[in-house]
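Structures for review follow.
Two complexes are shown next, each including subunit A; its partner changes from subunit B in the first to subunit C in the second.
Now for the complex of A and B:
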């Protein structure tokens, strides 16, 4: 168990393994993304109220749901950094923060684009929108702190701590804002009944899109983590070997 | 000297130091910080003046119409209190960091939690409490209905310590950095927004005649939670930044 654990923490091991995974992940993402997007954009029945504008739902919901996973991910990686001083966990946390900023930003932007025809406005101070905006600010804070501290080791631990504090705050922010003001529709339960407004022909493409976007997130995270590994381990022998073999 | 005897000696020294009880150390830290603040009147006055000036910007910038001001009064006072607390945070650890007494605090055998708590309490007494006490005057200037004065005062009383406690985490994380005024705000402000929301909403609700128990309960819960957890986070952050 501990051997496995220490192996997991080794950047080289992760680099090798993720190199093997990447082609499969990319292939899976291309397939699900193509199927999901075509299905969602061309074949999903039009909503009787929203006509074709509800198709943005299939981008908005996956992106938003994944951006909610970023803070827990960073907090867990941060806890591992603080407790076991595992370098890899910090590299993942460092790379997850800017990607999280992007995902949250895209969720806000697609939400605004959807909101304009539906609610008649790009922005409302509604609970979910506001808590998303605050999460956006918190993530920017983590990124800013990371770039402000020069020593990588201190930056790692400081950001780990801030991520944990932020992750504790995210639910508090969510509930306080929700109780403050709500316009956004609550999540709708899925049903198997195809006569219902939320039957399988609506949510199956959604699940495919969620899988595709999750996969996209993981691929981005792996790619930037690999980049980070190469940069931080640039003095170690195995990285020099890779560089030497690339040059030939 | 063998390593073992060194360890024994060191632990006996630690035991001697630990005879200063945690409570005594807590009191000494609190007293020292308050004394320093009293000797430096500017630190005492500036947050208050800042608070006053920011509040008086709103009628100039928004409108001097009493009805309009009544609507924004609670939010204005709350936002200004938040900003004033933010601005005064800089005093919290910086001077101690620069003259090395912060390191001594970290090395002391008493639990850092209580030392940080003492510093946070003194920060609140210096910068938060005056703002709370001044708030009815500003509320009057902003035409807040008279029945909302007490609500404003009580929500600020429960809310401003949370601002100091959360802010302390941000300061502790950035204490070693050269330029940190703005990054501190970027880190701390999002954390304090639940308090702002609840506090401002409570004052808005009182003029609608709604019950207030829930607001107080929520603010009290946030205060209790941050009193117990935030100093731990600050202590951990100090250990990270000072090394």
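Now for the complex of A and C:
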């Protein structure tokens, strides 16, 4: 266990392993994304209340739900950084923050675009939207904090702390629709009954899209973490070998 | 398979029943989001390797493919 743990902490080990995973992840993403998008756009029946704006959910729901994974991920990586000073954990945390800004921003924007015709407004200050906006600013805060502190070690510790504090917001976002009376609807339970308003013909493509977007999140995180590894380890021999052997 | 498509024509598909602008702007944003987050790290990696390569060539750390004399003299970082 400890051997595995210290191996996992080695940037080279992660670099080699993720290099083997990447082609499979990309293949999985391309297939699920193609199937999910075609299914969502062409085959999902028109909603009797929302007409074809229901297509927006097949982007909004995966992106928004995966954006909630970013702070817990950064908090765990931050805790590992604080306790064991593992270099790799801090690299992952550093790369996750800007990706999280993207995910949260796209979730907010797609939600607003849906809200405009359906609620009659782009924005309301209800608990779900406000806590999501808070997550957006917290993530920008983490990115800014990282670039504001010159010493990499101090920046890592400060970002780890802010990530752990910021993760408190995640359950607030998640349960905001239940705790408060929000305009944002609560998540709809899945049902196998195809006569129901949300039978399998509605949620199967949604699950496929969630898988595709999750895969996309992992790929983009791996890509930028690998760049970060190369950058920080550029003086070590194995990185020099990669640089020498790679054609550009 | 195509029987299940809910649109009778391509223009119906584009219009998305009055909501074409909303639906397609969401999908356009999603496309930009996906491409940006895959392309940017890819380009950064290429850029980094190119920079390090020229630096290594200059410092004479890579032998063979290019002689160190090809590096511009006096250009040190």
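Criterion: the second predicted complex is superposed on the first by the 233 of 248 C-alpha atoms of A that agree within 3 Å, B and C clash if a C-alpha of one lies under 4 Å from a C-alpha of the other, contacts with A are read in each partner's own complex, and residues count from 1 in each chain.
Rule of thumb we're sticking to: contacts are C-beta pairs under 8 Å (C-beta built on N, C-alpha and C of every residue); 3 or more make two chains touch, one makes a residue touch a chain.
None of the values given here were measured: they were computed from a predicted structure.
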**Message:** If you tally the residues of subunit A touched by each partner, is the higher count for subunit B or for subunit C?
**Reply:** C
**Asked** After lining up the shared chain so the two structures overlap, which partner does A:173 touch, if you call subunit B first and subunit C second: first, second, both or neither?
**Response** first
**Message:** Quick one: is A:34 in contact with subunit B, with subunit C, with both, or with neither? Answer first, second, both or neither.
**Reply:** neither
**Request:** Tell me which partner A:227 touches in the superposition: subunit B (first), subunit C (second), both or neither.
**Result:** second
**Request:** Please indicate which partner A:216 is in contact with in the superposed arrangement: first for subunit B, second for subunit C, both, or neither.
**Result:** second
**Asked** Does the superposition put A:165 against subunit B (first), subunit C (second), both, or neither?
**Response** first
**Request:** Please work out whether A:154 is in contact with subunit B alone, subunit C alone, both, or neither, and reply first, second, both or neither.
**Result:** first
**Request:** Could you look at A:236 and tell me whether it touches subunit B, subunit C, both or neither (first, second, both, neither)?
**Result:** neither
**Prompt:** Can you list the residues on subunit A that touch subunit C in the complex?
**Reply:** 33, 37, 41-46, 51-53, 55-56, 59-60, 63, 99, 102, 106, 109-110, 113-114, 116-117, 216, 219-220, 223-224, 226-227, 230-231, 234, 240, 242-244, 246, 248
**Fill in**
Per the touch rule above, subunit B residues touching subunit A in the complex are 169, 173-174, 176-177, 180, 183, 186-187, 189-191, 193-194, 197-198, 201, 218, 222, 229, 233, 236-237, 240-241, 243
**subunit C - residues contacting subunit A, complex** = 4-7, 13, 16-19, 22-23, 25-27, 29-30, 33-34, 36-38, 41-42, 44-46, 48-50, 52-53, 56, 61-62
**Fill in**
In their shared complex, subunit B is touched by residues of subunit A numbered 82, 134, 137-138, 140-141, 144-145, 148-149, 154, 157-158, 161-162, 164-166, 168-169, 172-173, 176-177, 180
